[in-house]
Structures are given as C-alpha cells and as structure tokens.
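Input: structures, listed below.
Below, subunit A partners subunit B and then partners subunit C, in two separate complexes.
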Partner chain A sequence: MSSAAPTRPRHSSDTRLRKRYAAERRFRFAGLFAVGLSALFLAFLLFDMSWKGLSGFTQYQAAVPIDFPRSDLILDPAALKGGDANDVVAGADLEGVLVKAAVATYGADADELFGTGAIRSLGRQLIRDPELLGRSATLWLPVGSKIDVAAKRDSDAASEKLVEQLQSKHALKRTINKDFLVESDATDPSAVGIWGALKGTFLTILVTIVLAFPVGVLAAVYLEEFATRNRWTDAIEVSINNLAAVPSIIFGLLGLAVFLNVMHLPRSAPLVGGLTLALMTMPVIVIAGRNALTSVPPSIRDAALGVGASKMQVVFHHVLPLALPGILTGTIIGMARALGETAPLLMIGMRAFIAAPPSGITDSATVLPVQIFLWSDEVNRGFVEKTSAAIIVLLLFMLVMNGLAIYLRNRFEQRW
Partner chain B sequence: MNLTIALAAVVAITAIAAWLGFSRASRLRGSTRLHSLPVYHGAYAALWAALPALLFLAIWSPVQSQLVTQAVLATPEGRALPAFDMQRESILSEASEIAAGQRDAGFNPESAGLVPRFLEAESRFATIGGGIAILLTLAAAAFALRRTNAQFRARTGVERWLMALLIAASLIAILTTLGIVLSLMFESLRFFKLVPVGDFLFGTQWSPQTALRADQAGSSGAFGSIPLFWGTIFIGAIIAMIVAIPLGLMSAIYLTQYAHPRFRSWMKPILEILAGVPTVVYGYFAALTVAPRVRDLGLSLGMTSASSESALAAGLVMGIMIIPFISSMADDSIAAVPQAMRDGSLAMGATKSETIRRVVLPAALPGVVGGVLLAVSRAIGETMIVVMAAGLAANLTANPFASVTTVTTQIVQLLTGDQEFDSAKTLAAFALGLALFIITLVLNLIALTVVRRYREAYE
Partner chain C sequence: MKEKMPISSTTAVPTPSAAIAADAHRQGPSTTEDPVPSGDEIVPDIHSALPAADPTDKVELDSARTPKMRAHEVSVFYGDKQALKDVSINIHDDRVTAFIGPSGCGKSTFLRTLNRMNDTIPTARVTGHIELDGEDINSSGMDVVQLRARVGMVFQKPNPFPKSIFENVAYGPRIHGLGNSKAELEHIVEKSLKRAGLWDEVKDRLSESGISLSGGQQQRLCIARAIAVDPEVILMDEPCSALDPIATAKIEELIHELRGRYAIAIVTHNMQQAARVSQRTAFFHLGELIEYGKTSEIFTNPTQRRTQDYITGRYG
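Moving on, here comes the complex of A and B:
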C-alpha cells in the first residue's frame, strides 16, 4: 500500500504543482489587471477632460489704451445712466473703436485681438463708469478666441507673435472667466457661457421630476401594496421592466411623434424635453420604489392594521414614509441619468442655437449635454476647451447628485 | 377669459369646498359621533371639486386649440390663405404665437391679419370651456358637501378616489409602451408604403440623401438597412464586447473571489462611476482623444483607408462604458453559486483559479450570458458615442479601422435638420426605430428569461 507513493516520480508532481500555482498567480494577476485597467480608463478620461477643460474657466485679458474723446464713438454719457443703457451701448460701434485702438497700439496684425467678449466687456465698463467717455484710459479686455488659444497652447505664427509682443509689454494677464458661468451660447468661443444651457437643464429636470416622481411613486405603491396578480398587473409589470431597458433614443422618437406632431407642443421647449425624460425616468423610479416598499417589514403593516388603520392609511401613514429614503435615492439616480441624457432631446429639436437663457418651460432652450454636443461639432479651436469645461461642470453635477443619493442612503435607510 | 383664469377659479372653489366640508364636519363632531374624521370630509369635497374639472380642462385645452384653428380658417381671412399645406401651417402657427404673446412679428405678412381672429376665437372658446369647468366644479362640490353628515363614510370615499389615482398612475406605463409601439408602427407603415419591406430589410445600399428628390423617393436600393445593422453589430456587439467581456468578467471574478473586502468596497463604486458618466462625454472622448490615435495606429499598420471615424474608436469607448454592466451582472451570478459547490472543489485539492474556471464559472454561465445579452442590447441602443465618433458612410466592411455607420447614428442624422415630416427620409428613421425597439426588446426578454430560470435552479 505505502510502497505505491514513493514509486511515483516526485519531481513530476512537483513541476505540476508549480505549474498549477503559476497558473493560479497568472489568473489572479489577470483579474487585478482587469480591475486596474478599468480604473485606469476612468482616471485617464477624467484627467483628459480636466487637462483640456480647466483652462476654459480662465481667459486672457489684454490692456489697450483707448482715447475716447478722439475716437469715432458717438455716445452720450447721460444716455448711459438711463434704464435703456444696454440698448444704447449695443447700438454704438464699439467694435470699430476696439479694432482701431488695438491696431494703433500693437500693429496691423492686432486687428483680431478682440472679439465679441471684449465688446461686451467694454460696453459693461462704459455703463459702470460713463465718465470714461470723457478721457483716455487703458482698459483690460478679454482677448479674442484666436489669441486666447495662442496664449494657452500653440497656434498659428501670427497669433503667437502677437502674444509674444503683448507679453513683452506686460499687456497680457490671465483671469478667471466669470462670463463662462453667466453667459449663454455664442458664435465666438471667447464670449460663450453655459448659463443658458444650465437654466434649460434646470427647467427640463424640474418638469421631469414634477411629472415622474408622483406618478412613479403612486404606481409603485399600487403594484406593491394593492395589485392582485391578474392579466392587467402582469401587463403593467412587463411594460415597466421593458421600458427601463428601451434605448433612450426611442423615447425621443415617441416625443417627436406624440408631443410634437400630434399634440403640437412647442419644439425645443423644456416642457417637451421634460415630458420625454419623465416617461424615460418613471420606470426607474417605479422599480426603485418597489424595492424600497418591499424592504419595509410586514410587521409594520400588521401593527397598523391591528390598531384599526385602513389599508390606505397603513400605506400612506406608515409604509410610505419608511420607504421614502430608498425611493428618494432611486429618484435621484434616475434624475442624474436624465440629466446626462442627450439623444432623446436631439430628437425633439433641443439642438437649436439659443443665445438667450429660456424664461419659461415653453421657450426654446437647450440643455448642458446637448450644448456639449453642439460645441463639440464646432470647427473653431477655441471651442475645445469650452466643451471640456462644460463637461467638467456636467460631471460635477453628476458627482453631487450621486453623492447626495449615497448620503441619503447611508443616513436614512434603515436595515430591519 | 382664458383657461388660466378658469384653472385659478377651480383651485379657489376647491379650497373653499375643502374648508366648508371640514368646518361642517367639525361642527357635527360636537354633538354626535362621526364615522370619518373632519379632515376626510374636507378632502372628500376637495377631490370631488377638483378632479372632474381638472380632467375636463386637460381634455379641453388641446381640443380648444383645434377648434380655434378651425374657427379662424372659417373666417374670410382664413379662407384667403394659400392652400399649400406647409405655408398655411406656418402662417397659422405664427399667428397663434403672436396672439399668445410669444413673439412680436411673423415672417409672413398674412399672419398679422389673422391675429385678431385668433384672439377672438380663443376668447370665445375659452369662455365656453372655462365656464363648463367652473360649473362642473360647483356642481361636484355641492354634491359632495350635501353628503356631509355624521353617518357619511367620507374616508371610504376619499380612499376610493386615491385608489383610482393609483391605478391611473400605473396605467401610464402601459400607455407609454402602447404609445411607443403605435407611433413607431404608424410611421413605419407609412414608410413601407413608399419603400417595400423587403428592400428595407435585405437591401445592401443605404443612401437616403438621394431620396430627397421626389422622383427618387422609394427608388429601390436607397433604403437598404443591412449596412446599418452590420455597423451596429460590429461596433456594439463585437468590438465593444471584445473589450468589455474579458475586463468586466475578470474584474468581477477578482473583486468577488480574491480582493480584500476593503479594496472591493473602494473599487466597486469606482467602476460604477464608469456607468454613470454621461454618454455625450464618452462620445467627445472617443471623437477627440481616441479616434486620432486609432487612425494613427491604423496608418502605421499600413492601412491606407484608416478613417478618423473608425469603428474601432467608437467600439473601444463603448466597451469601456459597458464594463460595469458586465461586471455587476457577473458579480450577481457568481455570488448566486452555492458555497457548497466551491467548498467541494477546494476540498478535492483544486486551486482557487481551477475552482473558479471549472466549477464556479460553468455554474454561473447562464447568468453571465444573460448579463452579456443585456449589455449588448444596451450597446446597440447607445446613441451619442456613435453619433460623435462613428461615421456616416454605410460601408459593409469588417475592417475595424474603416468607417461604418449605425442605426442610431442614422436616426439622429435623418431627423435633425430641416425637412418635411412626410418624406421617406424622415419616415425611415421611425422604421429604423421600430427595428431597434424590436431587437432590444427580444434581447431583453431572452436575457431576463435566462437569468430568471438560472436563479430558480439554485434556489
């Protein structure tokens, strides 16, 4: 019996074991490699966006002396103190004044030194201090997109030379681009901002949440607490599970066919966008709501029924409040998904060029993801950093919403 | 009068009815024993006052805009409008927007003349509709308030209304599904009247642009969808899965079987961030960062046809997006494999990786397959990555460095831009949408069945 073991060549079992252990290590390393590679992708994505986008929050300003009394500007300082000062400034030829001043100071190549952003800034400075018109002054104004790109990265030779000239005269400085957060879309990348898109996003998400949250919660309550199993409730359940997996672009087609072509609601409006996203988000809320309701223990229901509450009172006074943190967590996650959604909104026409923030839910508007998509299509190189900067803002919103969901879950969810 | 005023009146009457119901019941409470609390009497009156009238207003407001348009068309100014549909529509919508105060002037001079007609008709129909709504509220409130007495079961009444509300809310899911199916079917049928089904399903030529000319609409071969479906499968089901399946599966195995719990509790949410990044961000990343590098790689490999809108760039980034889906589905199915099976294998002397490869994975396979199917269905319905990073040329090629187009790209392409709604070109988008809907639906149903049956096997 025992003589059988020594006759087996020991070294072959050793090598086999070594091989098996090596395979074990390789397998384990492959797993770690997969996790690491996935995390690396994420890190690279975030790094790439920040590297390209952070400069979008800054802008270069150039100093330019302007002799207002001698310029061709026909502006009455008194008119700038009235309520219609913005219209007065818009009517004046500020661009001509800027081009002349820039060419006079920095040479003929500087005729594109300033863009729309500088004209806007000059107008604001004049309104703030109308006395400027009576003297000559050196003003700091945001440079045009071409020069901005040349100052931050590399660009064509003429712009690079101008930047060098400005820097040697200490007439160039980098500042925070406040306009990026308070202005709207524009054709000139030096003048664009995301406020219009942000406001459109807020309005759209508001419509979505107002519609999807109550309907989703009520549907979840019905399916979980009241529905008896029959053909109808089966059909409801199947359609909710399927809707949660339907590609988002299909909801866009639905919105186009029903809300725009049948109901004739206004195109590009947050109302239609919100309706479409609400249909898309509702199944997510229903599924989260049902999970939260199931996790409330039956003893709570039994106790409430035992002291004489009606079925409806049991649900609305006891079960629903206890399930609310879970429902809210699911709702926030669904809203975060809706916030990042682009395709269905393209279908209902929210891709128009909108230069003014919407004032209501029936105004033409765009949303942040669509704005990113539109800017990414622009050929002007100045839009690259603006697109990435807008992406940083969008990702921050996602982070805040998901963080809120995690906080809510940890803070309020009860384990029974 | 307009409908907003009617709505405000309904709300005010509702509030008064609620207060009346509550105070009448409270007074009764002093003398007798009530069946329901005064709050329920108030709520009962409020529900009766509000719901029928609000329902009526919700139905009336679209009906009214139709009636107004018809009334305007019946006026002499309306009859003088050009008969050509598009132009008439645009003049009408301009006039109604001016009348509503949404804009100051229209492009068409005729619209200014229609504005007073619009205002006139609108105020007439709004008076009728608003009047009916207010009468409805008053009548319903009076009916409800008359029933307030000690024996009246107001709570039951309120609960019946609530139940109706709950059922209505859950029916919206069915209505949405129906809406999707019907609208896609309806527009697709109109498309198939112009283009034969066979040409759409089996044609290998896709060039919707040529169909813009009326004499070419429906010319055979322009709407063959095979290249689109090939492109969709190539990017979403082949390239993306080659990236996502190994990475997702190995991540799930490492995190569930090997990783220290603390490492796992950090890594899992980090991987899930990948799924939460908006797709437009992935699309931008694919188009701006990945695509040029893939093209350079293709050129250095000697591919002269390497495109900057290559299938590989879009597929790679889509694969990264899908990793967390595969990973979390695999995670679930691996966790569902009974511990006894694992213990048995380990007790026989198998190493951990042998146990995983020979015992755990085969047992978890149906769940993993189901997860992969769900991931494929998600990948082929994904829009922004391919719109931004994949091309528009409908090529039937297996070269990953060449440009292919996908179903979702073409839907976006066909529907953005200015064209009339009835052309074969726009209707084709709905036919593609219907095909996409059916494919994802079938994939989801198969996946869910596989996963469910497999779960039952171990319970």
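Moving on, here comes the complex of A and C:
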C-alpha cells in the first residue's frame, strides 16, 4: 500500500476479461444463427422450387398408331407443302383423329389422353412429312396435362390406370419439354411455354434501362456536380428520395393515367411497361449515382482542375469513370427490382392472356412475374409445375443479368 | 521512342544539390530590392536598405523587374469567417517564394487564390486584387481554365490520376490542344518527365498505372503533370508533407532545377525546407501576413517578434 499508483485487483480484471470474451462469443453465435437461418430459408426455397419446377421442363409422350388413309382426316398432301400449311393444318380436325386413335388403341378411358400439345405436335409432324397421310404410322405425341400429372405424381384413379396401361405397353416416355421454352401462354398446361413472357420481359427491361440509366445518371451528375445548392435543388433532392420509397402500384396508376389515358399508347405493351418501370427505377439510380459521385476523392477533382480542365472535363474524364462501378451497382439493384415487379404492370394491362410472343415494343405482351402470377391462379393442376418452372426461368434471367452487370462493374473498376 | 526523338533544352539547369542548404544563407552583391506596391502597409519594407542576398539578383537587373504575380490586399472569407486579411505579396519569375506559418494561418488559402482554386468551394469569397502579368485574374476577361493552365498546382497529397503514367502527363497537353499528334504528345511527356527527374525511373513502364509508383515518385509525376501544360507559375501546397526525407530531398532538388524556368510559390510547414529552397519567405499568422522578405533575412534577422518566435520554435 505504499505505492501511490492505484493497482488494479487482479481477480476483477480477470472477471472483466471473461465477461468480454463471453460477450464476444454470444455475438458470434447470434451472427452464426442469423446466417444459418437465412441459408436454411434459401436452401428450402431452392429445393422446393427445383422439386416442383424441374419436372415442368419435361413432358411425357405416348405412342399411338394412326392409320391416316382410313381416318376421317381430309387433307391434301400437296396443300401441306405450300406457304399456308399452318392454316391448312389448323383447319383440319386433327383432334377428332387423335381421340379416335387413342380410344381404338387404349380403350374408352383414353379419350383425354391427348391435348392441345399433341394436336400442335401432330400438325408439325404432318407438315414436316406429308407422306404420312398415305400410310399408317405409330407417332410419339405429348400426352394431355391430366395424364402428364398422373405420370409424374398422383392423380385420379382413371388417369393412373391409363398410365399403368401405357407403361406396360412401353408406350410412355419422358422427354425434354422443348415447347416450354419456345411457346407462349395457352389454356392447356401441356401446351404452355415461357418464351412469350421471356421476350416481353426482355423488351420491357430494355425500354426501362435505355430510359432510366442515362436519365438517372445525368440527373445524378447534374445534381451532384453542377447544381448550386439552393432551395430548389434541396426540394428536388427530397422529392427524389421520396419517389424511391413510393409503392410500385402507385407508379402503375401513374402509368395508366399518363401513358394510356392521356398519351394513348398501346395497352399492355412493353413500351408502356418499360416507361412505368423506368419512372420507378430512376430515383434508385439517381440516389446510388449521387452516392457514388460523392465517394470519388476530391483530390482527383483538384488534380484535374489544377491542370486546367473545365468543370465538364473534370466530371466526364475523371469523376464519372471512377463513380461508374458504384452507379452500376445501384442500377443492378434498381433493375432487379424492376424485373421482379408485378403490380404496376397489372395496372397497365399486362395481365391479359397473350398467346403469341410480342414482335416489338408496341405489341401486346406479358412479363415473367405477371405470367407466374397468372399461372399460380389457375385451377388446372398441370399449372403448378409450370409456375415453378417459370420461377426458375425468372431467377435464371435475373442471375444472368446480374452476372453481366457485375462483370461490367469489375471491368470498369479502377483503384486509386 | 527515346531514340527517335532528340530532346532539346530539357535538363540544362545545372544540378545544384550541393547548393540546396547553402543557398538561403549566401550573401551576394548589393542591389536595390523591388519596390513594394504603394498602399501596402502590411508588407514590412525592411529590405530596401539591406544588401540583396540571392543569386538571382543578376537576372533581376535586366529582367523581372515587374513581378509575375501581384496580390494586393487579398482577403478570403469562408462564410462569415475571415481566413485571410488584406494580404499583399509579389511573386517573381525566377524565384522560389515560400509561405510559412502555423496550421490554419491562411497560407494554403492564399496559395489557392492565386489560381482561383477557391472558386470550387461554394462558401469561399475572395476580395482584393490579384494580377498575373498585369492582368486581373478575377476579371471577366480571364478564363479560369486558361488561368489554371498558366498557373499550375501541385498538391499536398500526391494525387495522380488512376491512369497510366503516360496518360497522367499527357492529359493536360491533350485537353489544351498542345500535342496534336501522338509523336508530339510523346515528346511533351518525355520532356516533362525528364524535367521532373522521373524519366529514368519510369521510361520502361509508361503504360503502368500512376498509382503503382512510390509516394515520392507520385509527387514528381504530379509535378511533371503540372509542367506538361507549360505553365508560367507553379504553386506547391506542402508538396513534401506526405513524403519521407529522401523523397523530400529529391523534390527540393527538383524545385532548384525548376527555378528560373517557372515562378514557384511553395507552402511548407518545414522551416528548414523553406530556408533550403526559397529566396523569398512570407510568414503568415492568423490570416495575416506578418513578414515578407528575403529568406536569409527572415531566418537570420526577422523584424517582427512573432516571426522570430515562430522560427525559433516558441510556437507553431
């Protein structure tokens, strides 16, 4: 006790140290728990989706012998070689032929063995080989949705029995559903495809990015680098920050009111969808762009000004290239949000049933999230796997787009 | 590239490494000092009777009688706060002028008014009169971009562009249209890098990033970049404060070599550095110019008490 300096009791410092380590451990466990929980959710989502969705990319086909000369089909093989072959096939009663052939081969219960997909497939095979009409042949055709579901999972007793019968005769096989990737929406789940929605999404996002990216970046550059700080720019800044938080359905209503009712642009077209999504995405890009521009070190601006660069040269030669990775990150976030957006597009009529892929940005179209929404609403059990399959396509589309953006960002990234 | 192009008049200035420290204290033959502008009470008029002290006085006899830049009663305000109070200084063509003083005394602020870099600070306001070759730099006829090309600047922290070494130097000439062909640009880049004493170190890696150089090399690259646009005045804002002593010595040597070709004004915290590199020294304190005169006089025989206190290390 002779020393004037206060000596800390050894045991108390040990306790404090233990407490500190314990707190650290608790925090680490909490973090691990959070990460584990989110990983679990993600794994569940991915597993559930692939479980239900991957079968949507396959399709059962059944073999059926058709004796064309003796069928009721009235078709001229010569007409099938012309340019209007599709119309000729569409006019013929292919369905009747199929039902008759199926019933003749597999019994009376087999009248629903084939659906729209089989009719389309038969038509295609006839156009490819018109000589079929002169003989009898055994053709592999996609089965109807009910039988498809029965073959993949469980279904009603009649369908199950038919499947068993087909399997025992080796008249049933599983194939890759190429139609799903090249066809559009249909009422029969065995005939639906994702291509129409995929193309609609692509066109819509194209319109969005072409409008939102340059306008958003230029607005950010102007507000951050050129605008003088006053009440007006403050008001604009607050408005932009608020716009980024506006629910998307409001943008849909705005698009409906302005683009459809006032400007009379075509309904449910990618052009209008893109315009609406561009309105929604722009604030996000402006905010991200301004943050990226602010984070460029002022010494670079000084350096460029110091050698006599004008304000514009400073911005476009030095500041903007350095801010580009950050701007691109913001754009990715905005685009990902736009890509998954459903509500505003419903408002401008993109929920219509559209059975043909759009040929341009003014054609009627639908987009992937809306297609998923529409299919999830269907009663037919065949749509369940199609919905999941469409979700997989949407996520892959997103993955490709984000991958591209990240690649671009890394290419432009410069260190200083 | 270097074989193809003969370089004219690049490193003709004799290397004065031995002279660095001795320069400030050398006494020369007497000539009259340049006249202090009338109405300038703050600049202490102490030198007119004293013997002149630097080797540039011989040049002064036939040229440079009028100062390159003349600042008259310059005040700078940041918002309501006055950062600089009625400062009047002349900067001469062939001399190095050092600004010393404690932190926050306004020396960097004053330096930045000379090429209107304070314009970029929205709250900054400059009053007073600054001339470059008799032209008012704040007049409407003076283009600020052209002014900054004529009055170059080197900053405290080396700030090369995150581009190649070649692009760093070529950027200025390119935007000012000095090098129209690739060969001309290459010539300018080589000349500037040679003047900045960096050529031998980087000639084989001109396409590498300027960021990959060491701190001292980066600062010399920044000097080369400033030289490349052929300025008349070079302002240096504590160019060595982020560098080690060896890199600092190289920069100081470089300043010696550049003297005579450009008017140089340098802000420094390091009083030995001011004594080594400059012929004129201005001492700032709390936004005021306390004393301005020949470096040798300021360091050996200051007239103001505050100058003496600062130089001898009593505060600052």
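In this text, the second predicted complex is superposed on the first by the 367 of 416 C-alpha atoms of A that agree within 3 Å, B and C clash if a C-alpha of one lies under 4 Å from a C-alpha of the other, contacts with A are read in each partner's own complex, and residues count from 1 in each chain.
Basically, contacts are C-beta pairs under 8 Å (C-beta built on N, C-alpha and C of every residue); 3 or more make two chains touch, one makes a residue touch a chain.
If you're wondering where the values come from, they're calculated on a predicted model, not measured in any experiment.
Student: Would you check which partner chain A:Ala245 touches, where first means subunit B only, second means subunit C only, and both and neither mean what they say?
Tutor: After superposing on A, A:Ala245 lies in contact with subunit B but is clear of subunit C.
Student: Is A:Leu223 touching anything from subunit B or subunit C once the two structures are fitted on A? First, second, both or neither.
Tutor: After superposition on chain A, A:Leu223 lies in contact with subunit B alone.
Student: In the overlay, answer first, second, both or neither for which of subunit B and subunit C A:Leu322 touches.
Tutor: A:Leu322 sits against subunit C, while subunit B stays out of touch.
Student: Applying the touch criterion given at the start, work out whether A:Ser310 contacts subunit B, subunit C, both or neither, answering first, second, both or neither.
Tutor: After superposition on chain A, A:Ser310 lies in contact with both partners, subunit B and subunit C.
Student: Looking at the overlay, what does A:Ile391 touch: subunit B (first), subunit C (second), both, or neither?
Tutor: After superposition on chain A, A:Ile391 lies in contact with subunit B alone.
Student: For A:Val103, decide between first (touching subunit B), second (touching subunit C), both and neither.
Tutor: So A:Val103 meets neither subunit B nor subunit C here.
Student: Can you tell me whether subunit B or subunit C touches more residues on subunit A?
Tutor: So, of the two partners, B touches more residues of subunit A.
Student: Examine A:Ala137 and indicate which partner it touches, taking first as subunit B and second as subunit C; both and neither are also allowed.
Tutor: neither
Student: Name the contact category of A:Leu404: first (subunit B only), second (subunit C only), both, or neither.
Tutor: After superposing on A, A:Leu404 lies clear of both subunit B and subunit C.
Student: Touch test for A:Asn261: subunit B only (first), subunit C only (second), both, or neither?
Tutor: The answer is first: A:Asn261 touches subunit B but not subunit C.
Student: Overlap of the subunit B and subunit C footprints on subunit A, residue-wise?
Tutor: On subunit A, the residues that contact subunit B in one structure and subunit C in the other are 310.
Student: So in the complex, which bits of subunit A are touching subunit C?
Tutor: 228-229, 297, 299-310, 313, 317-318, 322, 414-416
Student: Which residues of subunit A touch subunit B in the complex?
Tutor: Touching subunit B from subunit A are residues 20-21, 23-24, 27-28, 30-35, 37-39, 41-42, 45, 48-49, 52, 214-216, 218-219, 221-223, 226-227, 233, 235-236, 239-243, 245-251, 253-254, 256-258, 261, 263-264, 279, 282-283, 286, 310-312, 316, 336-337, 339-343, 346-347, 349, 351, 362, 369-370, 372-373, 376, 384, 387-388, 391, 394-395, 398, 402.
Student: Can you list the residues on subunit C that touch subunit A in the complex?
Tutor: 115, 117, 120, 122, 145-149, 152-155, 157, 159-162, 171-172, 175-176, 209, 211, 222, 225-226, 228-229
Student: Could you please specify the touching residues of subunit B with respect to subunit A in the complex?
Tutor: Going by the criterion above, the answer is residues 62, 65, 102, 155, 159, 162-163, 165-167, 169-174, 176-177, 179-180, 183-184, 186-187, 246-251, 253-255, 257-259, 267, 270-271, 273-274, 276-285, 287-289, 320, 323-324, 327, 351-354, 356-357, 374, 377-378, 380-384, 387-388, 408, 411-412, 415-416, 421, 429-430, 433, 436-437, 440-441, 444-445, 448.
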